[in-house]
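Shared chain: chain A. Partners: chain B in the first complex, chain C in the second.
Now for the complex of A and B:
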């Protein structure tokens, strides 16, 4: 149940677990910004390498990561196969009468690398946080209260709802329900969803009642320890610089330095 | 509209007084003509069949529903509107039947501190109150735990902590032992017995009534009637079911063919 939401957070090395969750949120934001501003495959590949290195450092379970990536890569595969044939440009090769363009291949490669960098980066940086930690970090980063509370309450009741769904499903199976593609199946699923909605609404009313009983007057409070330390600042700076590397290189600002490559 | 209850002597002013309360859901009457006075130190067991409105009555006392007739006085004040009930809720704590309804914060400490924070305590104080309350229930180690990963028994105790953190004078317990195993139940009852608060408990659990209640009322035919928890010596035989692993103790017999029972007998509340 735990692995549904966070990826092996207990396997992380101690130094990483002690870090303030805000560090990862800011780092993830920076990573995404850099990734979308890069347009050259080589620069993107080096950023992806950095992300994979980070995943290794945080001891992210590779099997779990690939499991998560699978759904997303299926979609990417279609895109990668289609793009070379749909982008106009210098022809590279022919396949069944359609010609693939050089620009199309490059575009596909860029999108593939960029998307993988961002997704693996998010899974590594944010996916390893407990959802509660993420909520607190977002709250401390001064995101609108309403959004933070919505997020935290969703996390809190997701499993309660999931349990309710499972109970209803079991009850259906106990009465020999097997999904087919007929009216009976669709109607039964409709009732299942309807019942879940009704129950969720009733539960939300009970939760509100319980909150009112404890003097709720429109404000939720977040209590957590501020753990930001010098190490967090240092690591954030290091990450920002490292991630900025490919971007500086691509925009030609590194050419002045000795050893700076000229594309 | 604050109308002090002056007709009774100062010492015997009820903490809570319901006068001819009626409630209906839509057009269906749930109960009517409910009269109840709760005195300090009372531990009233509210019993009755399913759907007779026992839980509804508890919710009505803290103002989650409004009665269709009758009046409610608490701590010497007539409570009619939301403002009246808001100040009442700080002094009357309701423990919900389903703890998942009550625990909505990400961590245990935040949930327990939620009430004190609402009462206007600063962060540090609220945290201390929450820690102290948790410690009083033997839950010290749970402060930083994530609420949705607790077991049913743990959730119920934490829910009790969230209520106690507001230091209420009256506790309303809605089926507190429902869904708990014997060990969790005994632990909860032990904690409840140690509490000084006046209580109303809605329950079907005989053991809970035996060990906690000193008064009883019965919800019957749409109204509340006073009941007596009576004790009378009785002789009966019944099967004692012992559950133990196969092969173990199975040949041992009871030394006394009729084991003595004592825990069926209750003190007469009127005595």
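Now for the complex of A and C:
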């Protein structure tokens, strides 16, 4: 049922599935931090390569990954397409009377690389977790209890409501409803959303009653058997060092090492 | 289009957005008692599902944002609900990013909160056509303020984003129209079918 959200968690190799989910949360945050602090295309490209290797290692289904990236690239296109023309600098080429600057092209490239690195890393590390696992990891990382409860309950009811939504849409289709861009369509969608909300509100009353009946007093117990093991620490250290590589290289610290590249 | 990816905004904007969201979420979760938790969670899930609906507008189509509606129904609880929905969208669909989560949540939750505080009290007293009109105002305001805040966060990061921001604002116009109609119709429907949802005061 969760296959709608999770990116093929069952395809992962066993060693990856056995890891504590907290490892992935911390690794993803570190990756995002490194990516946004880099500003050279070459350093960013090597980080992106590392992320793609990781995606291969975790056997992420490439077709699904590209499907997820499609929506995101639309926004990136709008954002970066005009940067070469709006950033001042040395002219590189002319298009319809506007001149594109070298600095602008580089900025656009840097932003594209950064955003893609973080998104692919996020989908690889966190998107492959089951939603409940992520909720438990966030709880174990000491996020406020109420937020974690909200997350876990939302994930639980997401699928119930998705079924409800599909049922309502089937009912509409059975009455020969075809979406067009007119007021009738928008009103029908408004009623659809309204029906979804009314039913989910009724459901939430039943949920609350059921929770009270089971003695709920402000705490859901996080039932997971994740143990932080030595392997987790080792992998986290390895990932932190590998991801920090491009950053060290960019800031010129690697050259100071014996046998490092000549500046 | 309301989700800014990582790596686009500058550090001060990221930190500012994260701080503002953390404060608002902290206040909202303190107000939200455990009795109301299932309601907020189920509604957050319902909004997540509703945002998957594709609505055709002319030659293209838009996804509903529904933050105005969320604010009217949830009040302060809309803030953590938005955060949770955005986290799920980021991690599982790749919309937005991790470090920008604070900014994105702020851009969507602030208009929701404004609708909840300013428009919801008026909605309680209306009927029929007026409900539709106030609902439409809430829907339009939710989208418009989110669009403006999104452009503002881009411009504060770098003035070079100005042309891109203008294009993005332009793409918000059809969404604004659809969102106004849909939110109006939804609230009119709720007023007729389950008016207690509008009169319960705030979660």
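Observations, loosely collected:
The definition used in the following text is that the second predicted complex is superposed on the first by the 253 of 263 C-alpha atoms of A that agree within 3 Å, B and C clash if a C-alpha of one lies under 4 Å from a C-alpha of the other, contacts with A are read in each partner's own complex, and residues count from 1 in each chain.
We adopt the following convention: a residue touches a chain if its C-beta (ideal position, glycine included) is under 8 Å from a C-beta of that chain, and two chains touch if they have at least 3 such contacts.
Bear in mind that the values here come from a model prediction, so they are computed numbers and not experimental data.
Residue contacts after overlaying the shared chain place A:105 against neither chain B nor chain C. After overlaying the two complexes on the shared chain, residue contacts for A:28 are found with chain C alone; chain B is out of touch.
Once chain A of one complex is fitted onto chain A of the other, the partner contacts of A:221 are limited to chain B, with no touch recorded for chain C. Of the two partner chains placed by the overlay, only chain B lies in contact with A:130; chain C stays clear of it. Shared-chain residue A:203: touches chain B and chain C both. In the superposed pair of complexes, A:213 makes contact with chain B only, with no contact to chain C.
By the touch criterion defined above, A:50 reaches neither chain B nor chain C. Looking at the superposed arrangement, the partner reaching more residues of chain A, out of chain B and chain C, is C. With both structures placed on the common chain, the touch criterion links A:243 to neither chain B nor chain C. Look at A:60: by the touch rule set out above, it reaches neither chain B nor chain C.
Overlaid on A, the two complexes show chain B and chain C touching the same residues of chain A, namely 131, 153, 155-157, 160, 203, 207, 211, 216-217. Residues 2, 130-132, 135-136, 152-153, 155-157, 159-160, 203, 206-207, 209-217, 219-224 of chain A are the ones touching chain B in the complex. Contacts from chain A toward chain C in the complex involve residues 5-7, 28-29, 32-33, 35-36, 68-69, 71-72, 74-76, 78-83, 85-87, 104, 107, 110-111, 113-115, 117-119, 122-123, 126-127, 129, 131, 134, 144, 146-147, 149-151, 153-158, 160-162, 165, 179-181, 183, 185-187, 189-198, 200-201, 203-205, 207-208, 211, 216-218. Against chain A, in their complex, chain B makes its touches with residues 59, 62, 64, 86, 89-90, 93-94, 96, 98, 100-102, 104-107, 109-110, 113-115, 117-119, 123, 126-127, 146-149, 162-163, 166. Every residue of chain C that touches chain A in the complex is listed here, in rising order: 1, 3-8, 11, 14, 25-26, 29, 32, 34-35, 37-46, 48-50, 52-58, 64, 66, 69, 73, 80-81, 83-85, 87-88, 90-95, 97-99, 154, 160-164, 167-168, 171, 178, 181-190, 193-194, 197.
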